[in-house]
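Below, chain A partners chain B and then partners chain C, in two separate complexes.
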Partner chain A sequence: MIAGVELINVTKRFGENTIVDSISLSAAAGEFIVLVGASGCGKSTILRMIAGLESVTKGQIMIKGRDVTQVRPDERDIAMVFQNYALYPHMSVAENMSFALTLTRTPKDEIKRRVGEAARILGIEQLLERKPKALSGGQRQRVAMGRAIVREPSVFLFDEPLSNLDAKLRAQMRVELALLHKRLGKTTVYVTHDQVEAMTLADRIVILDRGAIQQIGSPAEVFNRPRNVFVAGFIGSPVMNMLKGYIVEEDNVELPDTGARIKLPVPVRGATGKPVVLGIRPQGLILNEGPDAVLHMQVKVAEYLGTETVLNGTLANSDEAVTSSLNGEHGGLAGKQIGLSIDPAHVHVFDAGTGLNLIH
Partner chain B sequence: MSTSATNSNARTAWLFILPAVLIMAAACLYPVVSAVRLGFYDWSMGTPWAQAKWSGWTSFEIVFTDPAMWRSLLTTLKFAAVSVSAEMFLGIALALALEGNIRGMAFFRTLFILPMMVAPIAVGLTWRYLFDAQFGLINAVLAVFGVAAKGWLADETLAFAAIIISDIWQWTPFVFIMVIAGLANVDTSVLEAARIDGARWWTLTTRVKLPMIAHVLAITLVMRLIDAFRVLEVIYVLTFGGPGDSTEVLSLHIYKTAFIGQKLGAASAISVLLLVVVMVLTWLALRMSNPLADSEKDK
Partner chain C sequence: MENYRDVIFDSSFGRYLVNSLIVGIVATLITLLLGCMAAYGLARFSFAGRKTIAYTTLMLRTVPLAVIAVPVFMIWSDWRLTNSLLGLILLYVAVNLPFTIWLLYGFVLQVPVELEEAAAIDGCRPWKIFLRIVLPLIRPGLAAAAIFTFRIAWNEFILALVLTDRSTRTLPVAASLFVTDIGVEWGKLMALASLIALPPLIFTFLAARQVISGLTAGAVKG
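For the complex of A and B:
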């Protein structure tokens, strides 16, 4: 099957700086791909190269099987939604949405039909005569999406489209985006630094760091089987606990500061004595006031969030920071020392040198 | 908020801006009012104001029936229309050509704005020498191409061209600098969106870029129009309105009426007319795109 978008060994350099380093990536037709990473990881540059706004130093970009590496942005069969909406301030909403169609000399009634249809889908029919200045952030966002929809492109590109909205509206637009994708079924490449957007919207997430892909996988895959320390630390909230230790008897990790031994879900063959980073999701640290507690934590701050309480503190007799996420209300634990046991399903072991996950 | 609190806030705001308003009113309105008042008196310079005679509408009647004044107004309108259009066109074209980061552009930008900084009298003198029929550089250059020497400042059409050329030379840089500053503030992602929408250079420029800096263009146009109607020094030095009255713009006509004809009342009456013409043109220009009105709407 022909991929919706395919990047083949794509590299981007600005002078001596390599921003994107030989990336290969393929989005199936109709797939929703989210590029996620910290700022400066190259995710926006990749999107801009797909759009044709940035030249490609090396490699190839294919859209629906056609090599578009040297093709002008408007001839790539894409539409893009920008972070700051990038609406034409001097045009009405209807003119903003129909601008591309007027340039291709689309018949007037066809333009009217498509603009009307997009406006109906997005619920902005009553705004068509307004100028962008007279719209709220959420409305501008809808117009920007409308402008993309009327072009009926093969590929939608989104560059952090929700980051200028307040939290409530962002959550609402996130749902609408998911519904819109379901309805239109178009290949979508979406850039964000927000892991919640990535987890909720993506068919597959591409996690980037310093211009290189760290992992590609479904939200469940990248959460449950992070390939390395970076992915493990990036995906999941609160952030995964990372404790230094070494492997003893293939299936235990000993933490040198506390002397605690933590049983691994699966043994790591031939790795006894190897220095590792033990990763435990905060949800995997369970309150245990009994004598069989594996770890002891000095709680400094307890953050009650309604359905869960996030405990921040350090391991007892150590200054290693740990976070535990407990169901229910546990605000009273602040300032106390507590015992914790560990859910093996939430345990990962990473090579201290390469950062690679040794058990998943 | 209660009405009384709103009122007291408004009062405080007024108190803050009152000094500025008073100074502006005194500095701007007083001369205008004086000029209008002077139009109703018959007064010569060097005589005490107490001896000035009330003449009612006489000065205005004389002025409005004087063909020389109407010729001068027409000359001014022609001068302003041709020079300001040329300056706007060239200034915008240069700004579009030189925007962005091209190597060495800072140097060229500085070079382009130099004429604007030269004192008008010096500009007039410079161009007078350049246009000189015998020793001028322009005729010398034309001679190289086998064109016979022209009496630039002695021929009515050529003299009019000469004052326009000198004005374009001096004021195109102003348009250039305003437009390039405007273009620098255009949101690049809007231009990128337009590229994705399929806009090529011409469409991008005429349907996106220039409309986005319409406010800057309107203000620039207004400022240039106002200045073009007030132009005096360069023409004073270059042609002194001649040959005949072919280059006698309104401000020069006012000057001659006041200080050569010693008819201050009539000169004031023409000044009032000039003010009205400039106000009407400014109003028309601001109707196209008024930044002040738009910023009001934003609130």
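For the complex of A and C:
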């Protein structure tokens, strides 16, 4: 089957700096791919190379099986939604949406039909005659999407399209985007640094760090089987606890500071004595006031969030920071020392040197 | 009133008026045309010496016109541009271009690059991006630059005096002819002076309506 978008060993350098380092990636036709990573890791640069706004230093970009590496942006069969929307301020909403079609001399009634249809899908029919400056942020966002839809491209490119909206509107637009994708079924490459957007929208997530792909996988895969420390720390909220230790008897990790031993869900063969990073999701640290508690935590701050309480503090007799996320209301634990047991399903072990996950 | 009638129906008033209009309008158009292209180039394309050019253009404008009158006359004589409207027009373009470039440069910088990128994706070639996106958005700057250029070209006296003759004279030079050896014809001078002041006023009024700030508002999240 022909991929919707394919990157083959794509490298981008600005002068001496390698910003994107030999990335290969293939999005199936109709797939929703989300690129995530910290600020400056090269997400936008990758998207702009797909769009043709940035040249490719090395490698190839294919869209629907066609090599477009040297093709002009307008002939790549893509549409892009910018973070700041980039609406043409001197044109009405309708003119903004139909600009590309008028440039290709599409017949008037065809333009009208497509703009009308996109406006109906997005619920902006009554805004068509307005100028962008007379629109709210959410409405501008919709117009920007409308401008992309009207072109009926094979590939949609989004660069942090929701990051300028307030939290409530962002959640609403996220749902609308998901519905829109379902409806149009077009290949989509979506850049964000919001992991909630990544988890909820993506068929597959691509996690980037310093211009290199750390892992590609479904939301469940990258959450449950993070390939390395970076992915484990990036996906999941609150952030996974990372504790230094070493393996004893293949199936335990001992924490040198506290002497605590944590049983692993699966043994790491032949690794006894190996220095590791023990990763435990905050949800895997469970309140246990009994004598069999594995870890003890000095709680500093308890944040009550409605359905859960996030405890921030350190391991008792140590200064290693830990976070626990407990169901329900536990605001009273602030300042106390508590016992914790560990849910093995939330435990990961990473090689202290390479950062690779040793058990998943 | 009589003075006005005398001035207007003087056989050469019409010619001087036409001279002034041609010089003012053509100089303004050429200045704007070159100015917006140069400003766009400076703002959007990086090349060696770009910063230097941007600053020196502004410095140039601080030189008083009287200082350049003599050298200009020599060069224009060499090129046989004296006593022609073209010579005057070229001079006014040269004098006004630096300020115009500098002014429009600021306006181009205000246009978000993403608009041009969006237009490129929508199917605009570089020239079309300039015409359909950039030019409409720097319209206030164009209008402001037009006001400045037109008024300087219209009112300027010293260079016009040096570079024109009986047939290519502009109105300010014509006005000075009322100052004669045997006295100043105050009535006619005042009448012509007020007539001269009128067109720039009208022009400024028309152009100023284009100077609506915030034309790029709404392009990006504000």
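The rule is simple: the second predicted complex is superposed on the first by the 360 of 360 C-alpha atoms of A that agree within 3 Å, B and C clash if a C-alpha of one lies under 4 Å from a C-alpha of the other, contacts with A are read in each partner's own complex, and residues count from 1 in each chain.
Note that in this section a contact is a pair of C-beta atoms (placed from the backbone, for glycine too) under 8 Å apart; a residue touches a chain by one contact, two chains touch by 3 or more.
This one's a predicted model, so the numbers in the text were calculated from it and none came from an experiment.
Once both complexes are superposed on chain A, the partners chain B and chain C clash.
Of the two partner chains, chain C is the only one touched by A:N164; chain B is not. Of the two partner chains placed around the shared chain by superposition, neither chain B nor chain C is touched by A:T307.
When the two complexes are superposed, the chain touching more residues of chain A, out of chain B and chain C, is C. Contacts of A:S39 after superposition on the shared chain: neither chain B nor chain C is touched. By the touch criterion defined above, A:N17 reaches neither chain B nor chain C. In the superposition on chain A, A:I78 contacts both chain B and chain C. Of the two partner chains, chain C is the only one touched by A:L135; chain B is not. Chain A residues 51-53, 72-74, 78-80, 82, 84, 86-90, 99-100, 103-104, 133, 147, 151 lie at the interface with chain B in one structure and with chain C in the other. Within the complex formed with chain B, the residues of chain A that make contact are 51-53, 72-74, 78-80, 82-84, 86-90, 99-100, 103-104, 133, 147, 151.
Per the touch definition, chain B reaches chain A in the complex via residues 187, 189-190, 192-199, 203, 207-208, 211-212, 214, 297-298. Taken in their complex, chain A has these residues touching chain C: 51-53, 72-74, 78-80, 82, 84-90, 99-100, 103-104, 131-135, 137, 140, 147, 151, 164. Within the complex formed with chain A, the chain C residues making contact are 112, 114-115, 117-124, 128, 133, 136-137, 214-222.
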